[in-house]
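Labels A, B, C, D, E, F, G, H, I, J, K and L are assigned to the chains in the order they are written; within every chain, residues are numbered from 1.
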Amino acid sequence: MTDRTYRVTEIVGTSPEGVEPAIRNGIRRAAQTLRHLDWFEVGEVRGRIVDGEVAHFQVTLRIGFRLEDT
Amino acid sequence: MTDRTYRVTEIVGTSPEGVEPAIRNGIRRAAQTLRHLDWFEVGEVRGRIVDGEVAHFQVTLRIGFRLEDT
Amino acid sequence: MTDRTYRVTEIVGTSPEGVEPAIRNGIRRAAQTLRHLDWFEVGEVRGRIVDGEVAHFQVTLRIGFRLEDT
Amino acid sequence: MTDRTYRVTEIVGTSPEGVEPAIRNGIRRAAQTLRHLDWFEVGEVRGRIVDGEVAHFQVTLRIGFRLEDT
Amino acid sequence: MTDRTYRVTEIVGTSPEGVEPAIRNGIRRAAQTLRHLDWFEVGEVRGRIVDGEVAHFQVTLRIGFRLEDT
Amino acid sequence: MTDRTYRVTEIVGTSPEGVEPAIRNGIRRAAQTLRHLDWFEVGEVRGRIVDGEVAHFQVTLRIGFRLEDT
Amino acid sequence: MTDRTYRVTEIVGTSPEGVEPAIRNGIRRAAQTLRHLDWFEVGEVRGRIVDGEVAHFQVTLRIGFRLEDT
Amino acid sequence: MTDRTYRVTEIVGTSPEGVEPAIRNGIRRAAQTLRHLDWFEVGEVRGRIVDGEVAHFQVTLRIGFRLEDT
Amino acid sequence: MTDRTYRVTEIVGTSPEGVEPAIRNGIRRAAQTLRHLDWFEVGEVRGRIVDGEVAHFQVTLRIGFRLEDT
Amino acid sequence: MTDRTYRVTEIVGTSPEGVEPAIRNGIRRAAQTLRHLDWFEVGEVRGRIVDGEVAHFQVTLRIGFRLEDT
Amino acid sequence: MTDRTYRVTEIVGTSPEGVEPAIRNGIRRAAQTLRHLDWFEVGEVRGRIVDGEVAHFQVTLRIGFRLEDT
Amino acid sequence: MTDRTYRVTEIVGTSPEGVEPAIRNGIRRAAQTLRHLDWFEVGEVRGRIVDGEVAHFQVTLRIGFRLEDT
């Protein structure tokens, strides 16, 4: 087996519902254009406030995926 | 339009239920005394343990709000 | 009353369901072998991705507990 | 002379022109409502992009000011 | 009991005598204008040097206090 | 409206003239190949020195842009 | 001589008197159950405030000790 | 000469042999699909343990490369 | 399958020969008293200098291992 | 060619005019007593406020220079 | 008045008695060979343990001093 | 015995061969002009890439040495 290499891409997932829906939204969107997604790490958690309530959550994700052999 | 200035205040929201309720509690309380709340950033997430179970979550929030023109 | 001393141990709790279940799982497991658990702090939040969806969440926790007098 | 105490407040100054105008705008606005401003520290420098150009700069400042004796 | 909310304010206490007097000075000054002070965290410890000796210590403190219900 | 997802790319803009021209150069270059640029954050600011003078500034930028729906 | 290995444990020492008594209390308590203590590093310094005065200091210590050969 | 712009990509190189082979593997793989690689910075160094021995090293690299003029 | 929990312990491995031997020494020593070692992360890399040459390397490792079900 | 070694020195450049003049002032002063200055990195950016306006900027610089062969 | 430049040097002061004596020892020693010492910042606080008691404190200090005009 | 004071200097060692040769090169060069070198800490590890291969490693070292009594 050859030595695998991974790439890490950074995504911001968003959701009005909460932190986990924002994570899941971001990963699903990344999976539409990237293959072999392997792990994620949560970075910054932020959000927008409208009329004194959370309007949506913004979660920065670092997503690792395996590069295919060339 | 003049150049806007924002202030950032730091709040610790708490809840026995979870991280998001603690965030929403903290922002609602801040909205009672501050106007023009615009965004938040989650800092430290901590909690108190009683009898081997989470008793409540404590979420530090930096909350940004627009200062009115003087 | 004597001056209390605490120890901090580091645990990674996991759950397929979300961040809070992972926190609660980790603390319950720690409570099986440690007494006087007092507080926790959330460190890194990561997770494993399988077939483009989150397979499980991994939450690093620093858990503080009071040492008994000797 | 008594021992002085300072408070640190956090401000985000903005400007379409650059980092220094954003700093100066933030400090001038703070000076309208706070007295005895003494020093500042630059934190995060961010900005908004519109049509592929910087629309405005946002500079987070920690501003220290001396508290008056009570 | 409702869910409590705390605010965190940042103070720089000073003293020619040492780090702990600077901490105590800063907290006493904060207690003159804020109620329900609950905890503090020490940030930066700096100082001024005059004629090759420490002239005074400057200790940055984050002080947490409970907000009253509105 | 669906939940938006953003990607963050990292760029180093350079300029012999200063920090802001380096920021603007980097963003313009990124705008040639990426659409929907939305915000930037300044990271490291470095530079090269030649003959005791700044030869050029190098500013690391994290640039966020909205991903189109697929 | 074989290559030594050390373990690092994390302790929170407390004292109503100050930072150094809190450090010394934490190390003495650790020395009751661990052998070959070798060095310490001070992490977070926090404290509890009661009636506007410091009630006790809490100092997080990382303590290194040599593991015995097995 | 125009002002150059660089992009930074993040790679995880792996090797059962050590940190440097993992660095070299990651850079060689990146060089298969990216041109004008210019510098790298080592981030996190981790690894997998199997049967009490290091099975492979995982080295996170930030790799900078020059963007071509468009 | 139940949700696994891991514990993270901190070790300093040493070697006169280099960084990797220090990592391998630390992990082998940990494997003598802990089971189910799963991963490691390299923290601080330091060393002692004697007569202008490196006498030994000291590598701080965070080692994760799976806790058995109770 | 032998393997080059560099030293990094830390300077605080100041200017009433802005961040870049403070950088250029600091580097010019360093160049009066050090040879082979090669690069700089900007650290903290602070400043002094007098009468509600920036009196001068203080920019901490790490400056790298090549050591001559001995 | 010309624009002042400062240099920052890093010192580790030690004392068997405590953190402040270690700070004062380090600054006094620095003052024997450097002129115009102006400020200090406390970095890492560590110490050596012998027979289960603190043998001496080691405090890393960054000390700023004004460079004379050339 | 008087209380010892140490100074910390920052060096970048380089080598085309790897991280440890870069460390050893940097320390040997420092030992040519400084006496009583005592310990080192590895900071940033970077390198230059030429033709898709590592051309040389650059390792930032903080080196501590004991100051002689004056």
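Throughout what follows, contacts are C-beta pairs under 8 Å (C-beta built on N, C-alpha and C of every residue); 3 or more make two chains touch, one makes a residue touch a chain.
Given the structure is predicted, the values throughout are model-derived calculations rather than measurements.
Trainee: List every chain that touches both subunit E and subunit H.
Mentor: Chains in contact with subunit E as well as subunit H: not a single one.
Trainee: Among H-L, B-D or E-K, which pair gives essentially the same interface as B-E, with more than half of the residue-number contact pairs in common?
Mentor: B-D
Trainee: Taking each chain's centre as the mean of its Cα atoms, which chain lies farthest from subunit F?
Mentor: Farthest chain from subunit F, going by C-alpha centroids: G.
Trainee: Provide the C-alpha centroid distance between subunit A and subunit H, rounded to the nearest whole angstrom.
Mentor: 21
Trainee: Compute the distance, rounded to whole Å, between the mean C-alpha positions of subunit B and subunit J.
Mentor: 38
Trainee: When the centre of a chain is set as the mean of its C-alpha atoms, what distance in Å lies between subunit F and subunit L?
Mentor: Result: the chain centres lie 32 Å from each other.
Trainee: Which parts of subunit G, given as residue numbers and ranges, touch two or more other chains?
Mentor: 9, 19
Trainee: Every touching chain pair, please?
Mentor: Taking the chains two at a time, the touching pairs are A-B, A-C, A-F, A-H, B-C, B-D, B-E, C-G, C-I, D-E, D-F, D-J, E-G, E-K, F-H, F-J, G-I, G-K, H-I, H-L, I-L, J-K, J-L, K-L.
Trainee: Any idea which subunit E residues touch subunit G in the complex?
Mentor: Its residues touching subunit G are 19-20, 23-24, 27-28, 31, 37-42, 63.
Trainee: Which residues of subunit D touch subunit B in the complex?
Mentor: Where subunit D meets subunit B, its residues are 9-16, 21-22, 25-26, 29-30, 32-33, 56, 60.
Trainee: Along subunit D, where are the residues that touch subunit E in the complex?
Mentor: Its residues touching subunit E are 3-9, 62, 64, 67, 70.
Trainee: Quick check: in the complex, which residue numbers of subunit G touch subunit E?
Mentor: Going by the criterion above, the answer is residues 18-19, 44-49, 52-54.
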